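Everything on this sheet refers to the single structure shown next.
For reference, chains read A, B, C and D in written order, and residue numbers begin at 1 within each chain.
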Amino acid sequence: MPQTTIFDELESQVRSYCRNWPVVLATAAGSVVTDENGTEYLDFFAGAGVMNYGHNHPDLTEPLIDYLRSGAIVHSLDMHTAAKREFLESFREYVLTPRDLDYRVMFPGPTGTNSVESALKLARKVTGRQHILSFTNAFHGMTLGSLSVTGNAMKRQGAGVPLTNTSTMPYDQYLSGVADDFQWLERVLADSGSGVDLPAAIIVETVQGEGGLNAARPEWLRALQDLCRRYDILLIVDDVQAGVGRTGTYFSFEESGIVPDIVCLSKALSGYGLPMALTLIRPDLDQWEPGEHNGTFRGHNPAFVTGAAALKRFWADDTFQNEVQARAAELREGLEKIASGYPDAVVKGRGLLAGIEFPDKAAATRIAAESFRRGLLVETSGPDSEVLKAMPPLTITSQELQRGLGIIADAAAEVLGDQTVA
Amino acid sequence: MPQTTIFDELESQVRSYCRNWPVVLATAAGSVVTDENGTEYLDFFAGAGVMNYGHNHPDLTEPLIDYLRSGAIVHSLDMHTAAKREFLESFREYVLTPRDLDYRVMFPGPTGTNSVESALKLARKVTGRQHILSFTNAFHGMTLGSLSVTGNAMKRQGAGVPLTNTSTMPYDQYLSGVADDFQWLERVLADSGSGVDLPAAIIVETVQGEGGLNAARPEWLRALQDLCRRYDILLIVDDVQAGVGRTGTYFSFEESGIVPDIVCLSKALSGYGLPMALTLIRPDLDQWEPGEHNGTFRGHNPAFVTGAAALKRFWADDTFQNEVQARAAELREGLEKIASGYPDAVVKGRGLLAGIEFPDKAAATRIAAESFRRGLLVETSGPDSEVLKAMPPLTITSQELQRGLGIIADAAAEVLGDQTVA
Amino acid sequence: MPQTTIFDELESQVRSYCRNWPVVLATAAGSVVTDENGTEYLDFFAGAGVMNYGHNHPDLTEPLIDYLRSGAIVHSLDMHTAAKREFLESFREYVLTPRDLDYRVMFPGPTGTNSVESALKLARKVTGRQHILSFTNAFHGMTLGSLSVTGNAMKRQGAGVPLTNTSTMPYDQYLSGVADDFQWLERVLADSGSGVDLPAAIIVETVQGEGGLNAARPEWLRALQDLCRRYDILLIVDDVQAGVGRTGTYFSFEESGIVPDIVCLSKALSGYGLPMALTLIRPDLDQWEPGEHNGTFRGHNPAFVTGAAALKRFWADDTFQNEVQARAAELREGLEKIASGYPDAVVKGRGLLAGIEFPDKAAATRIAAESFRRGLLVETSGPDSEVLKAMPPLTITSQELQRGLGIIADAAAEVLGDQTVA
Amino acid sequence: MPQTTIFDELESQVRSYCRNWPVVLATAAGSVVTDENGTEYLDFFAGAGVMNYGHNHPDLTEPLIDYLRSGAIVHSLDMHTAAKREFLESFREYVLTPRDLDYRVMFPGPTGTNSVESALKLARKVTGRQHILSFTNAFHGMTLGSLSVTGNAMKRQGAGVPLTNTSTMPYDQYLSGVADDFQWLERVLADSGSGVDLPAAIIVETVQGEGGLNAARPEWLRALQDLCRRYDILLIVDDVQAGVGRTGTYFSFEESGIVPDIVCLSKALSGYGLPMALTLIRPDLDQWEPGEHNGTFRGHNPAFVTGAAALKRFWADDTFQNEVQARAAELREGLEKIASGYPDAVVKGRGLLAGIEFPDKAAATRIAAESFRRGLLVETSGPDSEVLKAMPPLTITSQELQRGLGIIADAAAEVLGDQTVA
């Protein structure tokens, strides 16, 4: 039986990544994954933003195996465990305290959408309001509440019911810089006749990982926070993809200096691909009844173990952060160089979450396919998959980064030809 | 610093289990968990139905550690991996084929609510209808779509917005057997003036794990399936808690002989406490667009590894199933014996998902607390926590089971006194 | 051009009555309407319950013409006018005071659905709850809020969006008397796990004019009121069709002795076919902000004039009420006699809102058509138009009533044949 | 008993106009209404846009009294009557044919909100889409569907439930002319990631009568129609207040040349203050099932009689229209003159639906009160009642108009003082 027969026969039509990369993955280490036939792929995908520390980082593997070997408890819902305690202590020591952040930590279930749903519920409960504002091209998850703040039309239609109690506002630069920032949002909040109900919260990604790598400017984020405070609206930052170092700091919003009321984290939290999510809550907003939001897999101890190990290994001082920022600069430079060869191609994103939007909306998909043929996993982003999206492990070496950029450059040239004006 | 200070200081008020069992768990093996102080607890809770094969079963630990040690890929979204292939092949060989079931397998994200949300979305998409019927005291999850088919008022209110596009129908025996089964459901479907819109699907648990251990009779389930077929309504069985052997067969609906159109599975799937969920879909209903429902942690390979190992170890022949059924009979007998000592106490549930409802609604909570003091983890169920709920690992030994029943008997006597009429 | 060409050419497909009665009406007096060709029709339809005092009652015509002739103001929104004052005084004197009822009077716009929408809004505002319960086969109107508490599937589908924030409960005798009254409603209110959110209000018709002439028993209405009071739920009676004398008393709920929290009135209020509606509100519930619900045609003075004249003419003492009750008894007797000739034919309704349900669901429509051929306007009711519905003016004479019953008897015999068992 | 005691004692708190104008109106003729004490008020209110032909126009009074005197049928639902036929023929002859408009005519119930609800339902049914776009500061009615496309926060909150399946877009000039017209609307329609679902329809008022007298420019309306056609979105014009001659042409959209897919009419239709409404439907969209939308007071024959008489009297040639346009020019000139005396005061609106927005938001309310003291009925408009709104009968004489403008000028001077810069 061919290697992939069972997938074709048994698995649902809903699968997608395996259609573009139709191989069977076997092993992975750092920034390289290898298929069953021994073919290696450089990884500019990082498990959709999960593998920030690279695949199978040995400093995480060992504590994980030790934990499992020791007979320690694996699954514990919201009961106390030693592993959870260590995670919480590490999170306080390496994340909250150095950044002078005061949050309560909620374990809402192990996925990003669990965290987003919990954030929306809490915001509505605390404020007594029902409306939520989100932004154009936002992506917050696939369960009904998260979907109602997600922009993508195909995914929205998948709900099969109207998505309600939300309105979309223009993200930074959405109106091409022609209109004033916040002109629309500011007006609808100020005008009691606008027809946009005063919201419980505004939910925002600082970089829209799925929506086309739009990156909000720090001043826009600060102005957004100001607007929220002026109207007593909670500000939720969904840092599921952009958080945990992806943009060069632990939280993606650090650069701007804002302090969200609620923060959603998941993906790279465990550092090892093990499902885990957190919702950070401003202490006075922590008005949950016990059990008012719950879920079975809130106490996934292997994830606590690798998560705590990752915090200790990467966030005890600035070394890692500085390296990430250096890599981010290299990535930006490399992408700019490639983009410069194609009229109207534009570099987007921030940190190690960056890419190129080509004027030909079909180009990115074709370049990603050609890159795969050349040994690079790289995906696209945006409503029309119009942005080539580079999101390598944060631990990628400079050499690997350059190699990947080279593959993209070659693939782009292959797909688009040399478009330099002579 | 006391062992639990960090939880009090940093964790959200939403936590609940740790309030009843305020110890720090350290290790676990089979049906016993041990806290940091070395105190052992017999486990009649099984991680809320996750640890069906007991904690840290060595036949699963070894393949898991081998997998991690080998450098194999951990996180892969919906890409092909060798571990996923082996899981799918095992699922077909040990679960679907022997039961003559033809389903497409969808990986909807790693939790039960992900599976339920995907099922509701698909049912609405395929039928073009928006309404869903669920049952009184149903529990299907905490994200917005799942919450809208969940009965519990406190949890519903947590949504902060109206829960729409659903109606509640009476579960089996809800009207105390006085009314005909399905009298209400049948009438509202037959009557075009009923005001209940023709639903896309009806979602049901065969045993209501959270809603009070109500167990539907096989004939009721068959009649429900007949009704669904008569009106071209999809039948979704949420087997997240009752599935994977809990009631004595792999699927909880096998006893009744029904074949649902969609099945939701999670909790015990990985067999090791690792997050994982499946949605099983009648092949002709698998009309998803690629990526129409997705999620980051759909490719959690450690869970595939232990899940496949568990299928091979426990479901390759009838041995395990027969043992579970023997234990279930012992549990029932033991609970009946305890209940017989208290007027109007009633045994509820099915398989190793059973308990006692006491006429004094506060009794179960007090007995559970007293049981904990005596070294037994056992929780309650029902809208008023009025049912003491015994849900041990399926691998529990007869001796352990009797020991646990003894603790419950003593705790009940302590709490309620001897109520036997002399 | 034929008499009806313009309707076919210019009017929307949505028209319905004119399809069954394809003549052009010209004049009307008492219980007789006459078409352009001079053909007379005895009226058992009464303008869908509007012409309770018969067409063009001279005691109303004269004050109306006098008013118009005098140059008095016709349209005044919610401003004070002499005509409105007189209506309010008459309403207090002849309706509220004699029945010892204490209500605030709201003019919500001139149609029944305006009144229902205002009642639902107020109930939600006052209680802070969003859910409303209504009954199977209820009809409350065609605007979105009213439609959401209406049972008919075709009309519901016309909304084009899901109808939300409402649940349907079984009307009296809906479950054929097999189940206890209120078994389902009582259970879902008592059970915090039922999935039916505690409602702001329950809205009910004492006789379901559109839904098949189901008439609630007085004891059922009293028990409904008790349930509402026990759970602090507002009770709204929609008396748009059954009120204003239709069942033999001014309000249809008088027989039962209940006192609703909110009452909706319209149709026969003006007594002359002029659009008008009221919402009666328990004084402490009158918590509207000025203008929070409004509408242009709230001050339709010609309707106030005829409405006040009708109150004085018909409700100053018991004479009229006694006559209506006598006619109602004759109607019932006549219908029973007809029904007795057809196995399983059942008389339904109450007062002068009564009819026959035939076992053959198509019979009523055919008998109505045959009755029209024989000079009688009579319509059908029920989700399948399965009930022949007799609703003559309350002022109909005994002779006219017998003549109409005779036509129905003949039409039934023509359509169904003689089914008497020899 | 004082004249208004009964209102205070018996009527709901919801009343509003009578609070500002606390007199009891008695008679009315042309542009003058007179209270019970004989005090005359010049009418710049026109019954909120209902009395376009002035109060009690003798050319309408006579046919109405003749009709009532003749014994003709008053109330007929959607049955054929001679009066309805004459109205339809007149509407075709004097309204549709001369303007080369091809519409089916629906009688949706007698109020504007009935018409709007029917339009929204039909648009959703025909397109199969559920979303509707409306504009900032729109007012479309108080029933749930109409309220969901209305902007005013106080009125929206009155719904007591979330208003769903709608989004608000910026009306013409809403963003102060700084942003391009339609920049936001165009972007959200073009961008499949915008999160604004493709709507069934866009509903618009050409002049926002309640929302502050914002008047859309003809080129904006044309561009809106172009956008709708490009995306296959239905365009609904709510001409309830601005139609029937108010802006100088029968339909308010004639100036722009657009041809809406659906038009809502009410208020001034009957010409006499008698409730009536129409929904005009592009013939191919007339896909209603018989009775899919209905309502009791759809066949209000007195309104048909005066409505037909008004069409014949005022719309048989251009005379009336020309006079209205002359008055409109005078009104504009007068308002401009008053506004010029106050820095930043701005004239708004179009035709005889115009007013002044003062920079001090409280000014308009105070000027209206002072005008009343001086014998003029004039109301305010806008979310903060910040616009003084002049809406006299279209039949007002030039002298009356000047007199009213004089009162406003004096009242403004009294309230605001002389602000002319010396």
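Convention: a contact is a pair of C-beta atoms (placed from the backbone, for glycine too) under 8 Å apart; a residue touches a chain by one contact, two chains touch by 3 or more.
Remember, it's a predicted structure, so these values are computed and weren't measured experimentally.
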| item | value |
| --- | --- |
| Copy pair chain A, chain B: interface residue numbering same or different (half cut) | same |
| Result of counting contacting C-beta pairs for C-D and A-C, higher pair | C-D |
| Whole-Å gap between the CA centroids of chain A and chain C | 58 |
| Interchain centroid distance [CA atoms averaged], chain C/chain D, Å | 31 |
| Sites on chain B at which at least two other chains make contact | 130, 154, 161-162, 164-165 |
| Partner chain C, residues of chain D touching it in the complex | 3-4, 6-7, 10-19, 21-29, 33, 36, 47-51, 55-56, 61, 64-65, 68-82, 84-85, 88-89, 91-92, 104-107, 109-114, 117-118, 120-121, 123-125, 130, 141-146, 148, 154-155, 158-161, 164-165, 200, 240, 266-267, 272-275, 279, 281, 286-297, 300-302 |
| In the complex, chain B residues that touch chain D | 161-162 |
| Chain C residues touching chain B - in the complex, by the definition given at the top | 130-131, 134-138, 149-154, 156, 162-168, 170, 174-175, 178-180, 183-184, 187-188, 191-198, 211-212, 382-384 |
